[in-house]
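A, B, C and D are the chain letters, set down in written order, and residue numbers restart from 1 in every chain.
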Amino acid sequence: MSEDIYDLPHEECGLIGIWNQEDAAFDTYYGLHALQHRGQEGAGIACLLDSKINAHRDFGLVHEIFKDKESLIELKGSSSLGHVRYATSGTSDINNIQPLVFHFEDGDIAMAHNGNLVNAKSIKKELEQKGSIFQTTSDSEVIMHLVRRSEAGSFHDKLKEALCQVVGGYTYLFLTNNELIGACDPNGFRPLIVGQLPEKGYVMASESTALDQIGAQYLFDVEPGQIVYINNQGIEKEYYTEKRQQAICSMEFIYFARPDSNIHGVNVHTARKKSGRILAEEAPCPEADIVIGVPNSSLSAASGYAEAAGIPYEMGLIKNQYTARTFIQPTQELRERGVRMKLSAVRKVVEGKKIVMVDDSIVRGTTSKRIVRLLKEAGAAEVHVRIASPALKHPCFYGIDISNTQELIAANHTQEEITAIIGADSLAYLSEDGLISAINLSSSAPYQGLCMAYFNGDYPTALHDFEEKYKLELAKIVKN
Amino acid sequence: MSEDIYDLPHEECGLIGIWNQEDAAFDTYYGLHALQHRGQEGAGIACLLDSKINAHRDFGLVHEIFKDKESLIELKGSSSLGHVRYATSGTSDINNIQPLVFHFEDGDIAMAHNGNLVNAKSIKKELEQKGSIFQTTSDSEVIMHLVRRSEAGSFHDKLKEALCQVVGGYTYLFLTNNELIGACDPNGFRPLIVGQLPEKGYVMASESTALDQIGAQYLFDVEPGQIVYINNQGIEKEYYTEKRQQAICSMEFIYFARPDSNIHGVNVHTARKKSGRILAEEAPCPEADIVIGVPNSSLSAASGYAEAAGIPYEMGLIKNQYTARTFIQPTQELRERGVRMKLSAVRKVVEGKKIVMVDDSIVRGTTSKRIVRLLKEAGAAEVHVRIASPALKHPCFYGIDISNTQELIAANHTQEEITAIIGADSLAYLSEDGLISAINLSSSAPYQGLCMAYFNGDYPTALHDFEEKYKLELAKIVKN
Amino acid sequence: MSEDIYDLPHEECGLIGIWNQEDAAFDTYYGLHALQHRGQEGAGIACLLDSKINAHRDFGLVHEIFKDKESLIELKGSSSLGHVRYATSGTSDINNIQPLVFHFEDGDIAMAHNGNLVNAKSIKKELEQKGSIFQTTSDSEVIMHLVRRSEAGSFHDKLKEALCQVVGGYTYLFLTNNELIGACDPNGFRPLIVGQLPEKGYVMASESTALDQIGAQYLFDVEPGQIVYINNQGIEKEYYTEKRQQAICSMEFIYFARPDSNIHGVNVHTARKKSGRILAEEAPCPEADIVIGVPNSSLSAASGYAEAAGIPYEMGLIKNQYTARTFIQPTQELRERGVRMKLSAVRKVVEGKKIVMVDDSIVRGTTSKRIVRLLKEAGAAEVHVRIASPALKHPCFYGIDISNTQELIAANHTQEEITAIIGADSLAYLSEDGLISAINLSSSAPYQGLCMAYFNGDYPTALHDFEEKYKLELAKIVKN
Amino acid sequence: MSEDIYDLPHEECGLIGIWNQEDAAFDTYYGLHALQHRGQEGAGIACLLDSKINAHRDFGLVHEIFKDKESLIELKGSSSLGHVRYATSGTSDINNIQPLVFHFEDGDIAMAHNGNLVNAKSIKKELEQKGSIFQTTSDSEVIMHLVRRSEAGSFHDKLKEALCQVVGGYTYLFLTNNELIGACDPNGFRPLIVGQLPEKGYVMASESTALDQIGAQYLFDVEPGQIVYINNQGIEKEYYTEKRQQAICSMEFIYFARPDSNIHGVNVHTARKKSGRILAEEAPCPEADIVIGVPNSSLSAASGYAEAAGIPYEMGLIKNQYTARTFIQPTQELRERGVRMKLSAVRKVVEGKKIVMVDDSIVRGTTSKRIVRLLKEAGAAEVHVRIASPALKHPCFYGIDISNTQELIAANHTQEEITAIIGADSLAYLSEDGLISAINLSSSAPYQGLCMAYFNGDYPTALHDFEEKYKLELAKIVKN
């Protein structure tokens, strides 16, 4: 799955928070740029100045929203929050773009959220009946209502109480008058990294690449069920719940995160390359002439496959670097041009060749079908598709918008059927064990600390608001 | 040299012309998108409808200029010209954005130009003294004035007469009331490819990737000194001069053209990969742990180097796919962030490693210096720079804006000095013979049909307006 | 005071609501255009379709926000709310732009508000302590929190209960799943007019000009303390409080409303013209050669003055019709060019003349000073300023942002001082009785139903949150 | 005719040139703003700095094109040209937006043009046959080609030779390395005023209001056939032809120029008011209750009519000050809303009244028809239309785009027919003599120095390229 031509809306996001760094908006901007792959629908930066929080948020890419130095200089202050939000389908609402900023009589609070809650709907309903008014249609606002209605004494206690009420995948960043606070859900579905800035300040961000971008030094990954307070006294951390067990989203390793990021000590590129090596062992293709990857997210796995298989790694697909979300769409009869605008086959490389095409995943299958056709039209003799992850059969409820199993080709078709549908000469997936051992987290939790629910339906939490819906869909699929 | 972080302005361009295809503006748009790497300053499309040519041109990327279907639908007609123009430094003038359209009493003509003339200034001066008025500051307009002042009989004869008066590197496309005409200079410095559209029409474009984009079939490369007429009777071609000898710009292979393009039968990716293989033989680095390429243009050469050397090919540098021309620049003291915004080192990959870093060329050296530092800061033990082309010592006068030798680090410093300046542990270039044999054109012309002037000063034409300036610079360098 | 060069921020707004008219967004758009003079900071339209309310709101003028038919077509539905908001100084927040839309589990509600509450701050504080979260910094949101927390049975009862809790100047429009509701505060500070659309639907709007714009027929003015329900059964109205007494803002007549609007049966132009006539009697200037008005809002009064005085009415000041909010400001030393950009003196008309210059009001005096200077520089022999309203000495707390008496020149200076400051040869104001009798409302309430507080400090309501502040300022002024 | 709702495209323009004033771009900007009514399609400013001329030109209003101080600061230099261009129908080309800038080997020249040539087409054809290339589709470029091909000695002589070759209506401004030059055609169709800046520099502009705007003092009107040189030695002027006779466009007085402008010593407002007085005598309407004008251009004439007739002058029509060119058009069946968006009737003023509606002219009649209907729908008992100029029966070839007599209602219908078509109760025009005596120029030329061709077909020059077409149209009309 090429990361910008897959055909499903996602709800990933990227967060960054900075404490005690002159002109924090600048480093937030550069950091968000490094996290841009986690969300392209919109972005925002909030800055704390003299107990007031100002923010600028809009639709678009970070560099489109912040066009000149003035736009950052206006956001004065030495502490900040930044957020990038994924392009979702359907109605877009500027109110959903974060950081959310709350102006209370007793002080301003900004917050940013990555992930998805499974009981947000029920909580929201309950609070509305008590007179609360929600301004956004997103889950993210729920936590703040819980905090404000909490009868606990201190803000820390209110916050911990609220965190214990929400269920799902989340990392939160909060910026208050005197603190930057980060929190990770009890399963640690989403990554959050803490770093030390070159001078005296600190940074928390969704991926370590953002730390590299601004010259920060890695300190630690926030752990499941952990809350981190950064203030002028330094860093403090504590667990807000006893019920915690790591189950980080395996999709972060498979295609969300940047290859140069490290999550819980594991480099993403290295994990992908290793998944390719294992895939080569599990699903060899000795007759192939060359191995190619679908740029960019599958190149690591493809090179791993090639190395392990001893088959030449070639550049058979080129990604147009000027790809934009806003291209004029071709007419109906030329629909596959949508792929051509983004990917080109290198005819001289693929012509007459038996090819192993490595991709990171298959969602609906439409993109895979188009790429296979692209290669065949360029003269490929055979195209053997190898997927560097297990088949996607179950929806995600923790932050990836694959909430409908009917869209998942592997939930509805056998491997043979899929091979035929996408027009491949053969098709194979990485095994669950292969994926786990490629990533090789050092956790003693199930699946070595990975969430494998998309592959096997083993959800680390109760599904609450989604329980019913999921059972119904499962029933349909099982009947198939 | 990563193609969008090099530090010199360029004057490359991309052309496409379509004849006899319904709604030609659409295919022109898609074709220009495939040529976008050849020019990002501005673009335009001109269409012929009922003997009138309408055009839309502007600054920006193709998808920024043509934002919706309406913008293409307005450009009705079945024949068209398209042009993308490189970002040049200094004063930008919308008038310089092509295609240029001329509305004469006896009919409209559109033209598009890729390349640079060495005698444009003298011709322009002479024509101005006769009362001609030039509206653009570019070379491109000169040819049309010569055509209009020619006393030859037919338009074809006037055009051929004019082509014989200009000297330099050029491909031209002209769209008239009844023809699409392409012409290539007598040395064939710039590529121009002719293809057959799926239905009945034809296309001419700067690179074959544009043909692939719109589903056209390759017919032939326009040859040095050749002029091609496409009209409703079909294709005709003829030579307009006897003095012709192929000397295609070697930079097209080294980094201008897209890897999936073929030029005179040679695939660009394949030539680059082979240049890497030969470089591995000429300049081995047996102690290295890994080979990495500077994305994206050097990845082919790096993989060739790795294969030939038997050293693992790794992804040590990641290019941020959201790179934009318009980023807010960091302050002076953080200047190297300019590189970080575009490239990141994969710390876990490079840490503690002895690295061969393959790049396609070094111009001023500032970018190389920054990338080497990036790798060392990420923990690289040693960085051995290998350049997949010979050292750049001479300016280009045929369409690449390296007109000042003082900017060329290799024109002013020894290889040892450069090694020190960029902070590398060693540095080696591909030999001229290595480059020639990697590209391996089938021409009997000197250097197998390549222009090697940037490397050895052997210019295929007289330098005319630039003669004096070049001699002076040469003298300075030789003294050094 | 020329309405777009006065120097104080205002908080006026314009409302329109439509029920049961095909493509209601279109008529809302045209209606908002007619109300544009009531607010230029931002605007929005919300439409009800299949129990869902969609809205589009932004900064800018109505025609800048809704640029093409598509933008209106997207807002499908036959019932709608529209709002224009005045340019306020300081931090602008898109969240403050109305209509506000609330997506509750039990249905969507849109609301729009014109006016200002005097106890919003206390209510907000109290509700926050109970856990409510406010998303806007404006007063407008308060009413909805009160509604949602009300324990009354029906929505109507909740709403009436809430309306009885807020104090100040307001007209509200609410759009729910099955009704369009309008409400006016117990003093009727702001106008709200109900009309019948040509086909079958209804409209409510801040001014009757919006009804004319869309071809609607006037039905009635909403009365103080009244609430109006429009639904598919027709129109119903009731009073939600017994404590009501008309005190409509006299500024609506003096310069807010459009001359073609009628408020409670009184035409604005006619009232202004009459105020000019009375002013001519109260403050004659028999030696004057001509009478001129400050365009556009003072032209009616000026023509009335001229007629009554028997002095020729002349066009001595021309307003540039291309006036924009976004002009590049001249440098400090040329500050009066700010006036020249908007107004020009007609030299040939004013040269050597003794002039009566009629303006509708003086706020800070800076604009008057500049216009007098403009006339004198154009050769006026004498400039006698006549103001068609009494002197502004007290702040407004019901929707006009003159909240600081220190900015009011008449609160701090004697009439003689002001004459000198603005450089006039004489200065006179209309009397309070003159104003009352020019407007001549048919109410038995004090001042015939006008709010005269800006002139005499007689506020129709308790001042609540502003009580303390007002007393302090009053003390300062009295000391002067 | 309300100036922005008339229904014919125009080709008026406004010019300003500044010599020797620090940061000339700023005063040019303010001056263009004062001339904005002369052209709204596009605008531009060109500045001379160190022998180079830089320009910025674009579509839109002046304040839209120059959005911030930086945009003016970039145009450094103490001498400048500015231009505003009227919205013309059909294909718009950025190349046609002026000032045109020519970069010759021997120096830069900028030029700006107001007016229209009648022999441009023939000259252009002739020059193209000699090899000249025209880049614009406008007349304006022709003069520069003639200058450059002239064999005269000095630039002054070349220019004068060229001016003698073109025929039609024009004022030109030229900015060269060492001079600002203005020229007026031999009939003086278009106005051009020279003024002294407060410090040491000079200004030339199309209307005196631009001088007032920037604080300049009036020096003189450029006369027919005159050329004015402004340089560091001061001002020089000379006649470049003996065949000269004033025939200034009467439309400048009737509705083009601003009321505060003076042309050849006559104030525009005063002339209009007087035309209203004479109209009242020529075409009385004693039974009328009130006199109203169509805002804004007819208000002067209306007040003159009212005064002379002793009938009250009322504000019966209100112009919406937020009128924009870009409104979303209502659907076919609601087409008259186009008028309502711009004009509203003041119902309380017009209801039941017999009205004299004064307008400055009728072109196609469609607008008059809509305004009459607007008044009647608002309850007017009778509407008597009085036009403050004679009937428009002939096209203009000197700069107003009324080139087709078939569009002129008065060229095709009798006065009775027009009365019926527009739905008026009576209709009368000002006589030719009335107009002449209202303007009352002090020239001994025919019609006291006015061009009256639109009214009586008496063209002051030969029609050259338009001769044939005009005769044909005349024949058609005469037949009618």
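The rule is short, and it goes like this: contacts are C-beta pairs under 8 Å (C-beta built on N, C-alpha and C of every residue); 3 or more make two chains touch, one makes a residue touch a chain.
Predicted model, so just to flag it, every value in this text is computed and none were measured.
Student: Moving only from a chain to one it touches, give the least number of moves from subunit A to subunit D.
Tutor: Step count on the best path from subunit A to subunit D: 2.
Student: If we define chain centres by averaging CA atoms, which chain lands farthest from subunit A? Would you check?
Tutor: D
Student: At what distance in angstrom does the C-alpha mean of subunit D lie from that of subunit B?
Tutor: Measuring from centre to centre gives 49 Å for this pair.
Student: What whole-number Å value describes the gap between the mean CA coordinates of subunit A and subunit B?
Tutor: Taking the mean C-alpha position of each chain, the two centres sit 37 Å apart.
Student: Listing for subunit A: what residues touch at least two other chains?
Tutor: none
Student: Taking the top-of-page definition of touch, could you list the pairs of chains it picks out?
Tutor: A-B, A-C, B-D, C-D
Student: Quick check on the complex: what are the subunit B residues that touch subunit D?
Tutor: 54, 91, 94-95, 102-106, 124-125, 128, 130-135, 137, 141, 144-145, 148-149
Student: Taking the complex as given, what residues does subunit D use to touch subunit C?
Tutor: Where subunit D meets subunit C, its residues are 4, 26, 29-30, 33-34, 36-37, 40, 61-64, 66-69, 71-72, 209, 212-213, 258-260, 262, 267, 269-270, 273, 296, 299-300, 303, 307, 312-315, 318, 320-324, 326-331, 337, 340-341, 344-349, 378.
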